[in-house]
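First the structure, which I've put down as structure tokens, then a few questions once you've had a look.
Labels run A, B, C, D, E and F following the written order; every chain starts at residue 1.
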Amino acid sequence: MTHGNAPNTPRSTLVVTAHAGDFVWRAGGAIALAAARGEKVTIACLTYGERGESAKAWRAGKSLEEIKGIRRGEAEAAAAALGAEVVFFDAGDYPLTVTPELTDRLVAVYRAAQPDVVLTHPLDDPYNGDHPAAARMALDARVLAQAIGYPAEGEIIGAPPVFFFEPHQPEMCGFKPQVLLDISEVWETKRKAMECLAAQQHLWDYYTDLAVRRGVQLKRNAGPNLGLAHKTMAEAYMRPYPQVTGELA
Amino acid sequence: MTHGNAPNTPRSTLVVTAHAGDFVWRAGGAIALAAARGEKVTIACLTYGERGESAKAWRAGKSLEEIKGIRRGEAEAAAAALGAEVVFFDAGDYPLTVTPELTDRLVAVYRAAQPDVVLTHPLDDPYNGDHPAAARMALDARVLAQAIGYPAEGEIIGAPPVFFFEPHQPEMCGFKPQVLLDISEVWETKRKAMECLAAQQHLWDYYTDLAVRRGVQLKRNAGPNLGLAHKTMAEAYMRPYPQVTGELA
Amino acid sequence: MTHGNAPNTPRSTLVVTAHAGDFVWRAGGAIALAAARGEKVTIACLTYGERGESAKAWRAGKSLEEIKGIRRGEAEAAAAALGAEVVFFDAGDYPLTVTPELTDRLVAVYRAAQPDVVLTHPLDDPYNGDHPAAARMALDARVLAQAIGYPAEGEIIGAPPVFFFEPHQPEMCGFKPQVLLDISEVWETKRKAMECLAAQQHLWDYYTDLAVRRGVQLKRNAGPNLGLAHKTMAEAYMRPYPQVTGELA
Amino acid sequence: MTHGNAPNTPRSTLVVTAHAGDFVWRAGGAIALAAARGEKVTIACLTYGERGESAKAWRAGKSLEEIKGIRRGEAEAAAAALGAEVVFFDAGDYPLTVTPELTDRLVAVYRAAQPDVVLTHPLDDPYNGDHPAAARMALDARVLAQAIGYPAEGEIIGAPPVFFFEPHQPEMCGFKPQVLLDISEVWETKRKAMECLAAQQHLWDYYTDLAVRRGVQLKRNAGPNLGLAHKTMAEAYMRPYPQVTGELA
Amino acid sequence: MTHGNAPNTPRSTLVVTAHAGDFVWRAGGAIALAAARGEKVTIACLTYGERGESAKAWRAGKSLEEIKGIRRGEAEAAAAALGAEVVFFDAGDYPLTVTPELTDRLVAVYRAAQPDVVLTHPLDDPYNGDHPAAARMALDARVLAQAIGYPAEGEIIGAPPVFFFEPHQPEMCGFKPQVLLDISEVWETKRKAMECLAAQQHLWDYYTDLAVRRGVQLKRNAGPNLGLAHKTMAEAYMRPYPQVTGELA
Amino acid sequence: MTHGNAPNTPRSTLVVTAHAGDFVWRAGGAIALAAARGEKVTIACLTYGERGESAKAWRAGKSLEEIKGIRRGEAEAAAAALGAEVVFFDAGDYPLTVTPELTDRLVAVYRAAQPDVVLTHPLDDPYNGDHPAAARMALDARVLAQAIGYPAEGEIIGAPPVFFFEPHQPEMCGFKPQVLLDISEVWETKRKAMECLAAQQHLWDYYTDLAVRRGVQLKRNAGPNLGLAHKTMAEAYMRPYPQVTGELA
């Protein structure tokens, strides 16, 4: 295979999200871990969540552009705290609509990022249609970016594994944890990134509690001799494609 | 956690199967890989498959004891070829029945083996009820062996990951590959182990073709820069419990 | 929460359907019950069913406009019989297409109706793509109408419970009754509304039989001491969202 | 129908659980609510959880009988705190085995209790086989108790609705919340009952956090004008049988 | 293959049911069709339904033996009307329990009947555990009867296709019609057989309505040029195993 | 019913595929069988697969038009070998987009072909979004073509049965074989058609192995007395709609 990454290129992670805050609550630990290993992380943020996830600002009488600016600033600060780069598509939320144009823009990001790992939303969410729309385009663009015949700049990509991060109401979205990621060592970093999202302070403790809960489950599912810390923090993920490995573990 | 394996103990794999041939066709590659890494592999073989999987011998007029002996000899030869140890329970097949006694014997094997990894059948198989019966007992015994209050010899075990290996008609058993294991480097060993099963020669090519097919899928699902050989051979597995990990990959 | 309904406003039900007859066959009992309790019921009828559900009229050589008029008249008579108001969108059927514009028009209806309960089609129907299209837009518009940032007239709405009514071939549409509604006391009203749909006389007895059948199941699932009438008539519904309650019953 | 409950008999709830602590963590709120309404609640506790859920006591060197006594005492105190009566079957845990005899004892409890509501475990739990075993017998006994031909003491029962309470790892047990029960007004009572279970102090905060989380979801799924308190606490349930009702809400 | 049926033997159908009335309501049409084609039909009736499905007789004060006699007589008359032979196992209902002994008796029936087609209950029924128990044994015995090593009289059988007939509450049993069988030409025969079941007169019309309903669906799913009668009556079935065919139709 | 096919018209099969090669690998046997029976087979090929399935040609520096020409030529040769006619839509692949216009063109093909059988892709394929897009339009157009009110040329069609053919990674597409078609007698024809697709020579043996594997399963699921050849070759299909039949077999 003749993909774009040279042998010595650091590994690359691409995160595709619907709204400005999603990557923090749902994948902040995975992003911080990758950054801590010296890898590159690119966040493709399709909208600022300006209409659907900024109720407090609307009630305070802010304008649409002001709200976009606030959300952008918060997301940039959080990305910086995690060690990642964020790209804003400003595609408009509530509803975020699946279009060939937006998918094509994502193909270009895939070819530029040459990701080794892709993170995005699950494909079902009865509480927020923007999330499945983002996921649908993230998956479609990944397949198109693999095709030499698809007319876009850059080298084709391989078939990087995809991970769905956890939605707000997991059981209602068909979300069943298939991977439990130990984020204990970067927990403080994730918490700092959450605290960059000042408008959603009520979620700081909510997602701290979730990390504790997923940590309890991680320990419950860990094999022997793992030497886990007393308080393990974790994030949960699903895999839409099979894991490829050289060893069962 | 105070499980029985000392820090320097080599990793241990436990394979629980219904019939004498199952571990070869379905998990021979995983067993050979573990053995090649210097790990210990124990195969708990609940029956010889003497009634349900020995049609040729019955047609040739062999007695029940003769058939058991033939199957046992073949299985021992195949296990030796793979580098594993096999324990026969002689519990009687067709039907293999779930009982507390048999489950209890399996608990003892778990505590003795202190497995880091467990392999067994999937929980559904409309073509052969012995396979789900073996899987049910393998899962139940794993949970019981974790409890300090369960009255059995030996140290309690941790929560080793479980992998379901591939049944003969995967789509009819709800089998969806979640892990594709690259067995290219031990393929010749697996083929030799299959050839120990003289009575089922018609399956040698069948399972060689399956390994090619799963290898094609492995390459199709592999991330970039994996440097895969031209002809990759693979086995497919499912995970009933979430994967625990420190890195998404 | 500061939703639009004043404390003394009567409860409001919104029914979103694809074709002119759907609300009668599938939810006529629920509508009549709500009206009998003095509540307001608004039916958003996206098309007249002029192409896909008017075969008899086409065979009789009617024009498209004539057929629309006939279907509209029948639906208005049926709605009046049930005690409900019907709004026609005239969006064109066979196929009814999901569009942002049509969804936006539905948001306006939600904000005007401030529904306490929403009824619509299930999300799957391999026999008629218009039904899932209507349901998809009904659900999307409900979520958009909740967002203060969504640019539409009127007060935002809360999160009214949603009920899917029964399709023509329930088992083929993944329809599993989760709620059995006793419509015995309004059965005569529903029957009269059905008889307003003169063009589909063959369905009058069909849906009477269905109500008997669902009534038998209601009795089979009812707790003790319910004092059910000898001949209970019922309608079946699904809930895509969890029930919120202060008492298990 | 001529079931046993006289018209003025207070409503009756039957809770069938595998282990001594289950009714507190999983249904303590529902029990306290029913008791607060003056209803009768009977808890059928099939085992003390002496082997599988008493690791700390085993490590402290207690004997089997001592452990049973401790668990029994804790459960009685918790039941008293909630206002319920608990019946111990002492059927032996890890494994709890489905038998006709145990099912028959449950039939007698059903006929004596004449429940209007039944609570039990869900039918799947890959982490603890005792839970599905208890649920299986609870459901079987409920059906047998309805049959006049089944040879047991007492009046036959009706068809009381069944609710599955939430398991420890809901997503791994196929648990999808279908009912969210507001337990805010009895929260302090549930907390006190949890604190009766001294051996499992690490779970007090864990299940407090869960109640907060389910409360957040309750508010997210509640219709308008519900006047919910700022901090709503909730429990989640599933319904294996359809809800029977006279009004959609 | 050297199965027992000689080339000129008429085709054979085996029906395995839990209770005396099941074969009439659920498969009477299929049985009458086979008999009308000159084929042999054997009904293995595991119980008389004496405890769980004879409420009226119990209320009338009949004894257990009297009730068995009544049910047996009715079933024999119905089988005669359909043109089938019925074998009673008298295994005891409510609960019917899965045992190796009962399964073994079924193996003998399979080997004697050498069925070309097998009909039985679906594997799930939350309203009546006897039905899944009968189905489980019917499927297990079919597999055991195929094995030359299984110690039972008679020739081994092939792999006859299996059809699950329709339960009383299909949607609650996961029943999705996969085969719609046109029984119009034997409808009068089925109705007469139903009328042999005097104790359950309330079901005569219920199952007539069901046949009409399934007939409507049959016409809705039929290809062109089928020349269907105005009033088509039908029964619905599921296939747990794939259809084997030489032509797609 | 007054559909377009005169009584003596030969049966007609319509195959709707996304890319030029699909009909050969996935349904070549069914097509050859129909042609061998003297029936008419029409293949509606929505794209040439010019972008997504022609990597070798792109690497060789061919232009888009050259690649289309090559693929068209190969597909025409393969169709001729099978005895079918192919219609090219040239709708553009990677991505193939669902549009009302393309669906409408398919309606015209349905009305012209008056199919007795329809073959297309399954509705899920996480590796190639063009396949579900083609299937979605094939199913929608089939329903629209049935409606006398839909404005298109030609007679309305009936309700021909639909079969989904097998995707490349069946388990990942929710593909469970429901029909196993014996293609032994036309195997040589299918192989010749595959060999017309010179650019994909690596797939010739792959799909030969698949036919062997499905043949083994066919024999495993066949009833007695079928007189199957030693080496049976087969194709697998799913049915989205129920089978309509006059005999269970």
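Annotations for the structure displayed:
Please note the rule applied: a residue touches a chain if its C-beta (ideal position, glycine included) is under 8 Å from a C-beta of that chain, and two chains touch if they have at least 3 such contacts.
Each chain and its UniProt protein: A, B, C, D, E, F = PIG-L family deacetylase.
The structure presented is a predicted model; accordingly, all values stated were derived computationally and were not measured.
Under the touch definition stated at the top, chain A and chain B share these contacting partners: D, F. Seen from the C-alpha centroid of chain F, the farthest chain centroid is that of D. In this entry, chain D maps onto chain F through a rotation of 180 degrees when their C-alpha atoms are superposed, rounded to the nearest 5.
Between chain B and chain E, the centres computed from C-alpha atoms are 38 Å apart. Annotation: 53 Å between the Cα-based centres of chain A and chain E.
Multi-chain contact residues of chain D, defined as those touching 2 or more other chains: 127, 172, 177, 217, 220, 241-242. In terms of inter-chain touching, the protein chains here follow a pattern that is not a line, ring, star or complete graph. Listed by chain label, the pairs that touch are A-B, A-C, A-D, A-F, B-D, B-E, B-F, C-D, C-E, C-F, D-E, E-F. The part of chain F that touches chain E in the complex is made up of residues 1, 3, 5, 7, 13, 30, 33-34, 37, 114, 116-117, 119, 157-161, 163, 177-182, 217-218, 220-226, 236-237, 239, 241-249.
Listing the residues of chain E that touch chain D in their complex gives 50-52, 54-55, 58-59, 64, 67, 94-95, 97, 126-129, 172. Of all residues in chain F, only 100, 103, 139-140, 143-144, 147-151, 240-242 touch chain C in the complex they form. The residues of chain B lying in touch with chain F in their complex are 127, 169-172, 175-177, 206, 209-210, 212-213, 216-217, 220.
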